[in-house]
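In the two complexes below, chain A is the common chain; its partner is chain B in one and chain C in the other.
And now, the complex of A and B:
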């Protein structure tokens, strides 16, 4: 379901490939991102530009991949719309994830801190 | 709706469209989150485990709120989320699960649960814009024989 692109600075851009990241597809999302991390990706931007809704299962999957990458690399998120931002705030995920306005801002920041 | 996760998304999108003229902005998002979590909880945990069981949902507009009533499948054991919830501040931020019940309660303005016509009903009320400045501590309305 996910779409991946390798950018400069060895950064992997992941887009969930679904408008809603919920219990119906969260496991698939987590499994596919985990495969990418296991394959060597250690600088990952997950872009939610095209995601309109995220439930607790989607959030749990996101936490799961953050834990998977752990101290081996960086995982940040970008492009949260206002609804997804609200979910992040309610669940205090804005304190867990580094969030950028868009992919460009995320990539620029990651490149600076390489 | 049938008791499948795919149907949860379809039902919630229909609900979102149906209430879009009444609930807007953050109120609409709270409704979407709360109902999604409630339906997902039923699909994943409630008996019977078969997908051909039905979950029924009734949406009603009253002057001060939108009320969403969710009926468990016939034969499901009672499960009042208020009795089992782990409030969101108590959830480990790095936990991958355990937020669903907290979100149901956090995002709805009024939560009630109890038997209605032989089935378990979760009632979630979402106050309209300008009505949620101070959330009521008591239900908007009370029906006899129902927990509130």
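And now, the complex of A and C:
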């Protein structure tokens, strides 16, 4: 389901490829992102620009991939809409994930901190 | 005279109704069919054949086209019109040149044709085809029956599990320690990933909690039931007070987090729990990823209580804080799982927090008992009757005037 693009600075851009990341597809999302991490991707931007809704299972999957990458690399998120942002705030995920306005901001920041 | 293999493989013999008005022709066909290992049943016209189909539960009919009373096509129509348990394979006997008739016969529901001039070998081949189709249909019917039975058993088990889960819940409406409590519990499937409870912790303090396990359905319900068994009044008393006896709901949440982050999985839950003093009205609460609560003052003014917190069981490093809020006499606190705000209508628009607040503010007019049900009804309207995709819990508490309901001495 996910779309991946390799950008400069060895950054992998992941787009979930679904408007809604929910119990129905969270496991598939997690498995696919885990595969690219296991395949060597260690600088990952997950872009939620086209995701309108993230439920608790979707959030669980996202935290799952963050734990997977652990200290081996960076995983940041971008493009959260206001509903997803609100969920991040209520669950304090804004303290767990580095959040960027959009992919460009994420890539620029990651490039600087290489 | 004929190959007898069919007879050997069919036990008991399959019934074949032979509808033919010519005695000679019928006798001839029946003897052929019996010779092939079937049980031929004679019918001298269409009416008799139709009656026999129902009574003998035969699955094959060989019918002449022209017969008195009910001809072959009308007989086929009548068979198809009856809602029989078994499928009846109809083979029509026509003249060799009756092409037009065949079209009409196919439309009426005839499956196959032979002519009066057909050889016994061809009749045998046609019957073998019929047997193959019937056996296939029987296999499918058996599989469908097994699936239905299995499904029924799963449904029964789930309903029993749902009853067991509901037995863990407190009364949906109650009067406890000067608080009026009203609630709604609506699983999106049969069982729910939600759980809630409220209980007297000591002579002054009421404890309450609501939990929402990530995901929903059976998987989430197993964890929610485990939590329901774990968080007893004693558990609350032991873990939700600090060493000096002051309310510390965050301490209880941290204990739960240590316990549930030990598992290496994506399961976690959100929680809102609090301890309210019936005399002073002080509410100590901890919000762990659960939506903020709605506080409705006696004049109907609504404010949100809580600004978030880490969910439980997601990160072992998570820390939790206590917050306080003054719970006035005549005010209400409404706690609502995220299923309400996230419920989308047919245009994919979520119900949203402000709409829940609009219902909560009706509390001074409606009374606390009506709030949970009003939210459930509003969501039902919002979704045009389509069941929620996530489990819903609404817990509403009103702090009553002590002189009304509770001996404050």
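FYI, the second predicted complex is superposed on the first by the 114 of 114 C-alpha atoms of A that agree within 3 Å, B and C clash if a C-alpha of one lies under 4 Å from a C-alpha of the other, contacts with A are read in each partner's own complex, and residues count from 1 in each chain.
Keep in mind that, in the parts below, a contact is a pair of C-beta atoms (placed from the backbone, for glycine too) under 8 Å apart; a residue touches a chain by one contact, two chains touch by 3 or more.
Values in this document were obtained by computation on a predicted structure and should not be read as measured data.
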Fit or clash - chain C, chain B, common chain A: clash
Contacts of A:28 with chain B and chain C, given as first, second, both or neither: neither
Chain touching more of chain A, residue-wise (chain B, chain C): B
Partner chain(s) touched by A:105 [first = chain B, second = chain C, both, neither]: neither
First, second, both or neither for A:89, with chain B first and chain C second: second
Touching partner for A:7 - first (chain B), second (chain C), both, neither: neither
First, second, both or neither for A:60, with chain B first and chain C second: both
Part of chain C, among the options 20-28, 38-46, 182-190 or 236-244, whose backbone runs into chain B after overlay: 182-190
Footprint overlap on chain A, comparing chain B with chain C: 22-23, 53, 55-57, 59-61, 63-64, 83, 90-92, 96
Chain A - residues contacting chain C, complex: 22-23, 26, 30, 52-53, 55-57, 59-61, 63-64, 83, 89-92, 96
Contact set on chain A toward chain B in their complex: 20, 22-24, 53, 55-57, 59-61, 63-64, 66-67, 82-83, 86-87, 90-93, 95-96
Contact footprint of chain A on chain C as seen in their complex: 212, 214-217, 266-268, 270, 289-292, 307-311, 314-315, 318, 338, 342, 344, 348, 350, 389-390
Parts of chain B lying in touch with chain A, wherever the complex brings them together: 5-6, 8-9, 26, 29-30, 32-33, 36-37, 40, 43-44, 88-89, 91, 93-97, 99-100, 103, 106-107
